[in-house]
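Presented below are the structures under discussion, each in the form of structure tokens.
Two complexes are shown next, each including chain A; its partner changes from chain B in the first to chain C in the second.
And then the complex of A and B:
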């Protein structure tokens, strides 16, 4: 959902997705809601999610969305785990274009820009 | 369609119709009523619904409704009411043997227990012979005596008496759960529980939706919208509000845990909404199903955005301090400038027009100086239809809860400044699959108006902060310079 928004960082192929680095992950179990996941699937950029999950070492998502995701139970379980249960408590997000680093502290990403970036 | 009697709470009168209309849409219930019958100084209104099930569905998450009854009759005297009831004896039949209880409620007057019992006795002709059960009755019957609220009248008899059989109680008890007095983490801008919940209803918060607050503060709306099943996210330029003081509280996280909403309150982020990182891809529906927010008016929380009063000076970012580039230091905080209220609102509408999914809603508070407000002050956008505009008065100023719905896909050429013709929502709204189309109800579309006034006309909320403090310093309630005026109601944020 988040892309680099530094002024002049305009190459959409690089400004999204941000690359997660040095992250501390935490898994919090929550109840799975398939309707919700189906709704989110329509909005998600799958390639970006798949790539990010792989970079985080959560290599459990397939390269493409299955044809009938709702009835693919194993897929929905994995999706729920990656999308809803994984929290990043510490770390940073780095732009692949301009290199801006957005720090994440206590689970709160700081997306403020510096004076020369607006 | 059958008649039902809605018993509203006698609070926030300007919000009550808007709420039940939002709920009718949310629940897919067909709701009809005569707007001329609605009175803000009275809690009773007859509405028409298809069934008891529809009536129960309509009020099950209502905040400003107390209960809804099958409407059996209304009259000025008991004799006339009984005559009405006697025209439908078949209606009494199913209740002759079940357990039941009567409740007599007075509006604008109180009744002693003896008086209540005397009234209940007069209904004995109904032939309800089942056991009276005050705790867990199968059926409940309500007698409402309406004495009106004019304090100069000392009525001994009610203006109107309503009678009905209880169908369902509302969700009003939930207000206690979100009571600010019981909340762990609070700020001076936390929204009171009742209105936060009403906002979640206006926003059609429901399972499967994603709701965002761009001025999240201490996160009141994240909680109430998540309570109704939505996934919520928030952001703020000031991260200190989100985090709380490190030693005493973990900020918003504490509240999320208190209400057990960990699974649904997703994330809070720190950034300036004017320079936001949300991705917008024209080929995909935007992320947010609703935007629910209380924009900073500059009174309690000063509205800020990134910038420097004297003009941006990028060199400052690159000064070397303690061997480190300034902007890479851990405690670097970019410079900010005040953010004028009318600018905040235009930016908010532009943001919503772009980032809301079609059929999604923008629900926000507009502060107004009562003497200066005109309906033209409500900012409009060609992509957003105005659905409701409800006033909460505080004397010389008030705030209005504005509800808008996205009816048209965003295009770069459409902005708050483009000509404001928007067709009525009923003709354009394409609802998300789970919701019926926006009904052409009493207020939907009626408030619509083309923009008027020249380009240079300033809205009444322009420079709201200055006007607010000016009014206070000239208020008769302020006795001496520096003294605290009597607290009339919650001040603006």
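And then the complex of A and C:
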């Protein structure tokens, strides 16, 4: 969901997804809702999620969405864990294009830029 | 959940400690938040199991209301770290998995001269967020403070970009015709669901009266293509 928007940094292949670094993760168990996950699958950028999850060393998600995800129980469990249960409490997100760093503090990413960067 | 029960829970939501006038931080009352989200949930089925966003979430009142009515996931965006800190405390207290992002969805309108400075939506930022949620519920700044001109419309523009289904928003009743026309120019149709009184308590030094009621409309917008 979050991409670099520094002025002049507009190579779409590099400005998204941001690379997570020095992260502290916590897992909060929540109830799995398959309808919600199916809805989310239509709205997220799968490649970005897959790449980010792999970089974080989380449950390995397949490179493409299975043909019939709703009936793939193991896949839905993994997806729930990565999307709904993993919280990043501290860390930073770095743009692969311009190197701008967006900090994450107490679970809240800060996407604000200084005036000269807008 | 019944409306009264929802409002009762929402009264436990903590609001701004030191509201900032330049961000037009007026808390959404439990009374209003309950009615907005209850209507969205029960009259239009826009909340339960849905992906919801709250733009200018402040202390998280509307997002928490959405969770209490069964939202699948809620993301709250706000520019102010202090407000987000309170929102985070509310989220922990209510044990709802709401995500918060500190972000500015507006920027100064580049065509303006200084004298008429106004804000517009940051389209570049919104492009990737396009159609990432089902429903937006928000109580945007009304754009009545110097430097904030146009911010209500910038928020509406952003909300219409994010939502695939519907946008619920509060706007001053005095701007009704303008809002309807503006939404239409963006390919959306707006409907006024209710006229409400927004009770602005005496929070700032420049407030002379103890509290002032502002007449506001609760709108529901949807894209014409839906």
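Throughout what follows, the second predicted complex is superposed on the first by the 117 of 118 C-alpha atoms of A that agree within 3 Å, B and C clash if a C-alpha of one lies under 4 Å from a C-alpha of the other, contacts with A are read in each partner's own complex, and residues count from 1 in each chain.
By definition in this document, a contact is a pair of C-beta atoms (placed from the backbone, for glycine too) under 8 Å apart; a residue touches a chain by one contact, two chains touch by 3 or more.
On a predicted model such as this, the values are computed, not experimentally measured, just so you know.
Taken together in the superposed arrangement on chain A, chain B and chain C clash. For chain A, the partner with contacts to more residues, out of chain B and chain C, is B. Legend: residue contacts after superposition of the two complexes on their common chain; A:111 is shown touching both chain B and chain C. By the touch criterion defined above, A:36 reaches both chain B and chain C. Judged by the touch definition given at the top, the superposed model places A:73 against neither chain B nor chain C. Looking at the shared chain after the overlay, A:16 reaches both chain B and chain C.
In the superposed model, A:84 makes contact with both chain B and chain C. When the two structures are aligned on the shared chain, A:28 is found in touch with chain B and with chain C.
Contacts of A:63 after superposition: neither chain B nor chain C is touched.
For the superposition on chain A, the stretches of chain B under consideration are 112-120, 130-138 or 292-300; the one running into chain C is 292-300.
Across the two superposed structures, the residue set of chain A contacted by chain B and also by chain C is 1-3, 5, 16, 28, 30, 33, 35-36, 39-40, 43, 84, 106-112, 118. Considering their complex, residues 1-3, 5, 10, 16, 28, 30, 33, 35-36, 39-40, 43-44, 84, 106-112, 118 of chain A touch chain C. For chain B in complex with chain A, the residues that touch the partner chain are 207-210, 231, 235, 237, 239, 242-243, 250, 253, 262-263, 267-272, 275-279, 281, 284-287, 306-308, 312-314, 316-318, 327, 332-335. Within the complex, the chain A residues that touch chain B are 1-5, 16, 28, 30-31, 33, 35-36, 38-40, 42-43, 45, 84, 102, 106-118.
Within the complex formed with chain A, the chain C residues making contact are 49-51, 72-73, 75, 79, 81, 84-85, 88, 97, 100-104, 107, 122, 124-125, 128-129, 131-134, 164.
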